Amino acid sequence: MKMVKAEGLTYEYIKMLETDHGTEEEKVSALKAVNLEIEKGEFVVVLGHNGSGKSTFAKHINALLEPTKGTLWIKGMNTKNGELVWDIRQTAGMVFQNPDNQLVATVVEEDIAFGPENMGIAPAEIRRRVDEALATVRMQKYATHSPSKLSGGQKQRIAIAGVLAMKPDCIVLDEPTAMLDPVGRKEVMETIERLNKDEGITIILITHYMDEAVRGDRVYVIDDGEVVMQGRPKEIFSQVERLQQYGLDVPQVTEVAHFLRMEGIDIPPDILTVEEMVGALCQLKLTT
Amino acid sequence: MSIKINHLTHIYNSGTAFEKKALDDVSLEIRKGEFVGLIGHTGSGKSTLIQHLNGIIPPTQGEILLDGENIHKDKAKLKEVRRRIGLAFQYPEYQLFEMTVYKDVAFGPTNMQLPKEEIHANVVSALETVGIAPELYEKSPFELSGGQKRRVAIAGVLAMNPEVLILDEPTAGLDPKGRDEILQAIKRLHEERGITVILVSHSMEDVAKLVDRIIVMHDGKIAMLGTPKEVFCHVKDLESMGLAAPQVSYVFTALKEKGYEVPLDVYTVEEAKKVLLNFVKQVSV
Amino acid sequence: MIRDITIGQFYPVDSPIHRLDARVKLTMTFIYIITLFMINSFIGYFFVIGTLLAVIKVSKVPIKFMLKGIKSIMLIIIFTAFINLFMTRGEQILWQWGFLSLTLEGIFLALKMCIRLVLLIIGSSVLTLTTTPIQLTDAIEYMLRPFKKIGVPAHEIAMMMTIALRFIPTLLDETDKIMKAQQARGADFDTGNLMQKAKSLIPILVPLFISAFRRAEELAMAMEARCYHGDENRTRMNRMTMQRRDYHALVMGLVYIVAIFGLRYVSYLLPFII
């Protein structure tokens, strides 16, 4: 069974516009017939600029929004089915952008316990899960601290632990690093990768940072509510001009490699990291 | 106009258990018309430093001289100091409060009690500089997109006609398009108005593209000071301070380590393209 | 400044007071507050102050932190003192100027009121400094539970308190940031008459409210995403259980009440001690 499957997923909402003739209603399509499939254990990145519809998509996975048309299944559960809503949210947990606005409790471990408590888990089991989740995000030291004293990256790791304690199969992260400094971003990205590799949790990472996107198994690019590109990071990032047209960046080395290729240098089109770039340049040197 | 900082020290919560030395004997001079990048990880003291420049927090020790005069000497002049040295905080869109874009931008110059015509001229020119179209002037600032809101907020500082503009993380949280628009606006105001700009940023790529000089803060001290060429060739030192150089710099460091003759002071994509093309062509010959 | 408000600021050390069940501490604080208004003699106050000092000593919280709370209500204390000092009618008039008169009774009353207020604040600080906000709200939820039948939303009240406490530091930081940002745009909060001062708050309050609403919306969504749906079928990680030490504390509380009543009786017998 697919972890996530979308068929013709469409989301429309009514926007009120203030014009000279009073208020007018305008129908906006945030998602237009999106089709996609995500396998269990995959690390999928959803890329798109602000307002492209990527956050709207994320909220559908968690059944926070209901599709206007089309269907979305999470592990076979239709998100339109109101009875399954809690199962869906437990299966696909969600981490949001602003680290301050998703922690509920005044003590770290109490916050992590919040999800399991809502699910009605027995106290001893909650305790076990909280300790385990804290260990997974390497924040045991801060169990009894107040979240307001933590750094942005640490807060996000607590938010991730809070989702982990619900034992999800899949975690959706909606721009989890957008408000963090480089150190915080690194901490969060390492945590996410570990969850995917060691715990086998399906990761859906929504972002516009390219250096994060290159770490995924597969990338979807969303523009104006539509999936416009999909494939392995290397396939996606070799199309430099197209990405720029969608208001996205490519890693600096990819841009340089692309330029060299246009100048007739025989360098692979799918260079994403400094190591690959250096390797390719040395290769050129050796062959001549 | 020049800013001179002499032996500036700032201690938070002095005398309590939470005492923290945020700035430790910092001396620095910023010249007229310069475009300076200020980098350092969270807690390195860079936010404290810029708040001093604008007189929002007084120094524990040391002094800040604006054209040779201590800004805290005359309390009555502090307001004028704040006008001359504009400060746009991180996420400045969170300070918007007026009913219209125009009124919000006019808040600063109105506080300065400028004549009406001058306020109008300042507001319009500030909004133009940041690229906000006139049809948005009468809109509520809360209806705008994230990037637009931020540009309006920056215009709010610009409308006071500062001689120096300090921007704290102006691109934080924006997507590539919003980021480029902001950076372009900043570049434009530096070039057109000739004002001194101090750009605080985590993004080495942004800093590399724009500034003449970089100040690296670490543990409340100035750890490095120099042109981007001088600073970004110290990749290892930057990393030990929790910072990074632009991605392309690493290519050259790695090539050098492998024994190739390459310059280490390449830090922008455009330059890297040129240098690497030469490098590869040399190889092919 | 605004950071000095100790209410809701837990002081993390391990002490017998910290380890007590929050329900016991809450009950004791209630009793303590009631007795503050029952005592009518200075001997009584000495006894209460002595008890309070002993409790603070046991709690291992530096007395400095307790006193911090007083600073924030200093104005109220001074106001109370002033009113009582000059507005109390009495027989032994010491000084008079227009409608203001200073009487011996007034001095005593003002002193009493101030002591009461200070003791009230310090006493409740002991509760909040030794009890995590979570324990406190849990205790309140537990003790409100009997009133659920008459429509008191015990769980919701407790949840609201938790969230309020969680966001107080965040919103204080935010206020500080907005104030600085508007100051950088030339806003002036210090000069001008009352009207101008009130008006100068608009540039702070509007952004603060907008941000609070945005936070509320995002938090609500994050809570929903974590399966929050009220207290139906909700469990708790930490269940409150009464230990032997809690019963000991209750017995001591009982002794305290008896002592207070005793002192009241004594002061009737020996009124000259006041």
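Note that the chains take the letters A, B and C in the order they are written out, and that residue 1 is the start of every chain.
Everything below uses one rule, namely that a residue touches a chain if its C-beta (ideal position, glycine included) is under 8 Å from a C-beta of that chain, and two chains touch if they have at least 3 such contacts.
Predicted model only: the values in this text are computed from it and were never measured.
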When A-B and B-C are ranked by contacting C-beta pairs, first place goes to A-B
Could you find the chain whose CA centre sits the greatest distance from that of subunit B?
C
How many angstrom between the C-alpha centroids of subunit C and subunit B?
43
Just curious, how far off is subunit B from subunit A if you go by their C-alpha centres, in Å?
30
Residue numbers in subunit A touching two or more further chains are none
Per the contact definition, I'd like the list of subunit C residues that touch subunit A in the complex.
10, 12, 132-134, 162-163, 165-166, 169-170, 214-215, 218-219, 221-229, 233-239
Residue positions on subunit A within touch of subunit C in the complex are 59, 62, 64, 86, 89-90, 93-94, 96, 98, 100-107, 109-110, 113-123, 126-127, 130, 144, 146-148, 159, 162-163, 166
Could you pull out which subunit A residues touch subunit B in their complex?
18, 49-51, 97, 151-152, 178-179, 181-184, 208, 211, 247-249, 251-253, 255-256, 259-260, 263, 265, 267, 274-275, 277-278, 281-282, 284-285, 288
As the complex stands, subunit B meets subunit C at residues 51, 54, 56, 79, 82-83, 86-89, 92, 94-97, 107-108, 111-112, 142, 156-157, 160
Help me check something: in the complex, which residues belonging to subunit B touch subunit A?
41-42, 143, 145-147, 172-178, 202, 205, 242-244, 246-248, 250-251, 254-255, 258, 260, 269, 272-273, 276-277, 279-280, 283-284
